[in-house]
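Structure provided below as structure tokens; questions to follow.
Every chain is named by a letter (A, B, C and D) in the order it is written, and numbering of its residues begins at 1.
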Amino acid sequence: MFPWLTVLVAWPLVGAAVVGLSALVRRRTGPAGGGTGLARPLALVFSLVEVGLLVGAFLAFDTGAAAEHQLAEQHAWIPQIGASYAVGVDGVGLLLVALSVVLVPLVLLAAWREQGRDEVRLRRFVALVLLLEAFMVAVFSARDVFLFYVLFEAMLIPAYFLIGGFGQGAGRRRAAVKFLMFSLGGGLIMLAAVIALYFLAVDAGVDPRQAFLVGQLTAVDLGTVAERLMFVGFFIAFAIKAPMVPVHSWLPDVAGNATPGTSTLLICVLDKVGTFGMLTLCLPLFPEASRWAAPFVIALAVVSVLYGAIMAIMQTDLLRLVGWTSVSHFGFIILGIFTFTPLGTAGSSFMMLNHGLATGALFLVAGFLVSRHPERSQKIAAYSGLRSVTPVLAGTFLVAGLATLSLPGLATFVSEIMVLIGAFGGSPAGSAAWAIAAIPGVVLAAVYVLLTYQKIFTGAPAAGLEALPDLRVRERVVAAPLVAGLLVLGLVPSLALTYVDAPAEQSVAAVTAVDEPADAAAQMGSDK
Amino acid sequence: MNDVIGLAPWLVGFPLIGAAVLLLGGRATDRWGHWLGVAASAASAVVAFILMFRMIGTPPEERAVDHGLWTWLSAGGLDVDLGLRLDPLSLTFVMLVTFVGTLIHVYSVAYMDHDVDRRRFFAYLNLFVAAMLTLVLADSYLLLFVGWEGVGVASYLLIGFWDTGRPSARENAVAAKKAFVMNRVGDMGLIAAMAILFATVGSVSFADVLPAAGGLSETTATAVGLCLLLAACGKSAQFPLQAWLGDAMAGPTPVSALIHAATMVTAGVYLMVRSGPILEAAPTAQLVVVVVGAVTLLFGAVVGTAKDDIKKALAASTMSQIGYMMLAAGLGPAGYAFAIFHLLTHGFFKAGLFLGAGSVMHAMGDQTDMRRFGGLSRFLPITWITMGLGWLAILGIPPFSGFWSKDGIIEAAFVPVDGQPWRAWVFGSVAVLGAAITAFYMTRLFFMTFGGRRPRWTENQHPHEGSPLMWWPLVFLGVGSAALGAVLGIGGTFTTWLEPVVGHAEHHEPVLPVPAIITVTLVLVVLGAALAFRMYAVALVPEEAPRGSFLTRAARKDLYQDAANETLVVLPAHGVARLVQVGDRDVVDRGWGVLPLAVSWFGAMFRKAQTGYVRSYAAGMAGGVLVIAVVAWLVIQLGGGLGGAQ
Amino acid sequence: MDVTNYVVLAAVLFAIGATTVLLRRNAIVVFMGVELMLNATNLAFVTFARMHGDLTGQVLAFFVMVVAAAEVVVGLAIIVTIFRTRRSASVDDVNLLRG
Amino acid sequence: MTPAGLEISGGETVLFWVVAPLMVLAALGLLFVRRAVHAAMCLVFVMVSMAILYIAQEAPFLGVVQVVVYTGAVMMLFLFVLMLVGVDASDSLTETIRGQRWVGLLIGLGLALVLGGVVGRAAFPPGVGLAGGDPGGVANPQALARVLFGDYVLAMEAVGVLLVTAAVGALVLTHRRRLTPKQNQRTVAEARVKALSQGVTLTPLPSPGVYATSNAMDTPALGPDGEQVPQSVSRVLRIRGQERPAPHTAVALVENQADRGTEEES
């Protein structure tokens, strides 16, 4: 069988290496292409070929068994500590791999002119993007806890340099360090849990040479206290990554200081590792602890929804605003996961994909807008009345914004409504009330999107902005697939839902299958 | 019926394709875009007529047809097909939307003639028609919600159509945002309702939910009913979510006619009627619906009496008339038919009135202040006559169409529910009172515009009738205002038509005899109209509004609705938001900042040990060696001497 | 007399060497202290070799000498270089590593 | 208590008790003398004594190496560097780092006590002696050579490499890169001509005065008007303040001659 996932991981690595080596090629042939070098076109070609490979992976994937981890490969890696190279994707993993792979060429294209014309800088930038792509694909397909952990941390390296080295804001270094510290802090706690998991698993009779395989660990009974502690360890790392209130502080800073392309990769894809980890590691590995923590997690998720939305409304910086909207959306995703209903979980899985498309579109379009300002101002107040100046840009922004506020007809709506409806019928105590409490989030979403649109695009055009150019062809090419994807998935969501439905059912079954303590079950019964 | 049902998707399809072509085509379609828009709408209307005639030819019990298209979403136990439900209720709406919509499209070709963005306007209009048809044709709450928010977006785009390049651009944009956000407040109700329905019934499609409504517990049904009412209040500008409608008049007048008078704002009534079985299972919710209707009815009417802006006066009137419909929708099966009937007739006469107002504005250079009109009947005869028909219709003067529908509602309001005569008396009186006030403000509007002995125009006004494209739709709507009620109302044609959907209503006796109700109503209406005639046609109308009584001033300010919203919602919300913002900065962010601070504090402490003096380090090393040696020695001593050697 | 006397002598010399390193500021004298410490250990090595009848101690002392010679060469070179740039041979003047 | 296999002769005992206290004294000199040269001499004494002790302890080879390598090479190197740095550079013995003196003394004393205590209290196995351990009676250098080039040949080689590396390292470290162009006679001459405008003279400075009253190097010459010419005295002497004024008799003589000259002219 063709190792699709390994190839998908390896190809961008090869790309990064080739881009690095392209320096040699240019020196031999002399300065060509106006001094910007081969790096950008090479990287774009590599990322497009990767999309082609992705299609192959989709064809090889059997949707009838979307709940199983397919395209699986397994080799011993460091058997002395039980680590294996084990990859495989279920439907959710495949969709997230697809999201990463599809967004990378768009981001490369969007950032085509963003990093100036310095050849060395361009080469580093695209190489880092390709490196990040490889890690992202790998982390979504990892089926070994140790491998997952290593990739989870390895992703920070390119991300750190992309924020700190290539950002736009004055505080980019600070933001990069903040991001790194938060992530490393979470990773450290997770590491402790990973190590503990190894010893407990070996104690429970798992083969010590393959002790980290997720498939094996799910069968291990860890004991209540240990399970809960480990759940907390994993969960904190994922919550920081997700990000969830109150460990979200790094996100707006990163969004405000990184380039829109970086933010897209970071927030729309990389952060999904947090929610993906909750879904594919926390729930199956620690079912009892997940149920135990669910009421608390749900409450925090709803707080995130409202908190993020309110903060978004109060922002004066366009890119920070988009960052805050993500806090709100991640709240919805987590709400769906931890209410343990097939509908809500499927909605959350779908939302991970949709949020990537919608927020990606919003980030990139906002980036196009900012790049047009003579001073590259990110302040919303610096813009006004641009609807008549740049109608296509305005329209694209509005569509992306409407997707962010989950307008029916667009994919985001389907997922959001699935989460809300699903969460209402969730099994943890108080699910219904929290679901209702999250609904005002949709009103706040309307406020932050339309208020921003109103300030930037309506009224009299601001001085100095009367002659801004409209979206260029390159930029339209970037926006079009995202908008089209949102529309198509909004009208025919079953295209994606076939991939997430079965995994959702399975993960809910995994959590709820464990026998409830008798008195708790009786109590739940009387509640209903 | 089944042979033509395949056409139904095209009802939505034509305008959707029109909108897509116009939006994506860009300036290339500027030259012919508006005609494409008209054609798309007209094509829909033709399909609607075909379906209509086929349905009339079908036996009543086979008239409801569900036409599935494709599986929309199927996950986690929620299976929703994207499907259309065609029955007399939805078809009534389809007819209204496509017919009036097409007329308004035609009217707009002339009205928007000088606007550089005319193509965009038609794209939005098409988008609206598509969304509105989705709303009424949906076979599930979920798909209905798609249309529901779709019309919201179209409305948002059209209210804010002039959002740049005009002095009022920013205000228009704000009005558009206000409309959308307040609609969203209502939409929360629909989401919650769907959540409750899925949790209890396991489905959100009408075919599953409505038959199961009787089996719901009363608490559940009440919760769902109230949630749906919240949604309806948002969409139909009912109390307490009414504040956006007046501001929505910032949009071009055809928009006000189509969206904010004839069709979209009545979607709430449609939702109530469509969800009839749920409401019937929840008497409390029904009572709330009636109360909301009654309050809005009076609210709108009172506001209408004081407005000098012709469009705002009509908007207040719309609110009030929808209050009637809502009141009827809360009365159970007896009211449903009249609610929809009034919706239909209102769609015609209010669209006519708005288009007439547009015609007046067009003639007067976009002036909207009625105190600067007067004496226009000679210059705008067609507008005068058609608006006159609309005026008589809304007053409910027999035999004009408003009489047949509104009178039905008033009669139904006088019917005691659950043997509680106080309700009949209260709501009946409110309905009659509303009719009287309606007569007053509509007469005031009509005579301030067309009557009066001398014009109060501003400089250089040369009013004249617009192009035939503008007045032919007026004529059609005028005829509709005059005749539609009689055609459908005499002999209960319309009631029978809707019966397969809303169910048969047993006849209950009102607390007063029917002729008495009609007489009292008519007398009060004529009195109100006469009072207005005396004040605004016989007497001179000052060009500047007099200060007026307290009530007048309050009504001019929409009974302080904006101030109330500001104090009760916006300010507290803003306070909370400020609190969150400050909290995030000073508590959360700074809280995490404590960690690095602690680390650097420790670093600073240890830094002091790094004197840079080699000898200090050497002392440290030697001291360390010494300490280790001493410890090792002590350990060995205590452990029993140096091991090994004897 | 006992061979351990030699070891005690070595210990005393070592301590004096260490104290020299700690107390003197002239880099060259400090270095001499280091040499003294090395010599003291050598004495101990030689004594132990004699005590155990094993030449390994002497071999080690030999290696210590060679390494010490190399160390002196490099160390003095460093001192000379520092003196050239800073005109001082005091170890307290070279405190650039202050935190 | 003398171990069985190891006989310590009376001569050795005497030697030890004579040499050891002197060694300790010399070592303490390292600690207390002000001048680095003196410290070096103390260390030389310690090392030579150490060589004597080695020889006494059946390690004649090491004793010789000690003299050759340490006293001969290492200490000479120290003295060389002392010359480079300044032979009279002496420490002020006042302590600048607060508490360092007491800490240092305490640590030194502690080390001495702990080490001495451990050695004193430890029970050593009975001494063997090298002659007893090697019945063939092979002389020490050969035996050592067998071990060195047998068991430790690899270490030997590595140490050789280390020595070479150290030598190269020292070269590299002390190498001074030339920052200015090399001066030759022509450039010097040109520079002086160029500096003329700044009051430098091309000619040699006047030589000091030669008078019968003194030996003259430290007294300035007199100009024709009887004024003293300070430049005629060596700069070093001037800076040290060791110059003396010209004797007043000579001054008077010159002034008289000058007066007479002017009278004749008039």
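Everything that follows uses one rule, which is that a contact is a pair of C-beta atoms (placed from the backbone, for glycine too) under 8 Å apart; a residue touches a chain by one contact, two chains touch by 3 or more.
Chain-to-protein mapping (UniProt): A = NADH-quinone oxidoreductase subunit M; B = NADH dehydrogenase subunit L; C = NADH-quinone oxidoreductase subunit K; D = NADH-quinone oxidoreductase subunit J.
None of the values given here were measured: they were computed from a predicted structure.
Central chain assignment: A. Criterion: smallest distance from chain C-alpha mean to the mean of all protein C-alpha atoms. Computed from the mean C-alpha positions, the centre of subunit A lies at a distance of 62 Å from the centre of subunit C.
Between subunit B (NADH dehydrogenase subunit L) and subunit D, the centres computed from C-alpha atoms are 101 Å apart. Subunit A and subunit B (NADH dehydrogenase subunit L) have Cα centroids separated by 36 Å. With each centre defined as the average position of its C-alpha atoms, the distance from subunit B (NADH dehydrogenase subunit L) to subunit C rounds to 93 Å.
In subunit A, there is no position where the chain touches two or more neighbouring chains simultaneously. Among the residues of subunit D, those in touch with two or more other chains are 97, 100, 103-104, 107, 111, 115, 122, 124-125. The multi-chain contact residues of subunit C, meaning those touching 2 or more other chains, are 18, 22-23, 25, 92. If the chains shown are joined wherever they touch, the resulting network has some other arrangement, not a path, ring, star or complete graph. Here the chains touching each other pair up as A-B, B-C, B-D, C-D.
Considering their complex, residues 1-9, 11-20, 22-26, 28-29, 31-33, 35-36, 39, 42-43, 46-47, 49-56, 58-59, 61-63, 65-74, 76-81, 83-84, 89-90, 92 of subunit C touch subunit D.
By the touch rule above, subunit D contacts subunit B (NADH dehydrogenase subunit L) in their complex via residues 97, 100, 103-104, 107, 110-111, 114-115, 117-118, 121-125. Note for the complex: subunit B (NADH dehydrogenase subunit L) touches subunit C at residues 606-615, 618-619, 622.
Across the complex, subunit B (NADH dehydrogenase subunit L) meets subunit A through its residues 23, 26, 70-78, 82, 142, 145-150, 153, 156, 160, 163-165, 169-170, 172-174, 176-177, 180-181, 184-185, 187-188, 191-192, 194-196, 198-199, 204, 576-578, 580-581, 584, 588-589, 591-592, 596. Interface residues of subunit A facing subunit B (NADH dehydrogenase subunit L) in the complex, by the touch rule stated above, are 181-182, 245-249, 307, 310-311, 313-314, 341-347, 350, 385, 387-388, 392, 395, 402, 407-409, 413-414, 417-418, 420-425, 432, 435-436, 439-440, 442-443, 446-447, 450-451, 454, 457-461, 491-494, 497, 500-501, 504-505.
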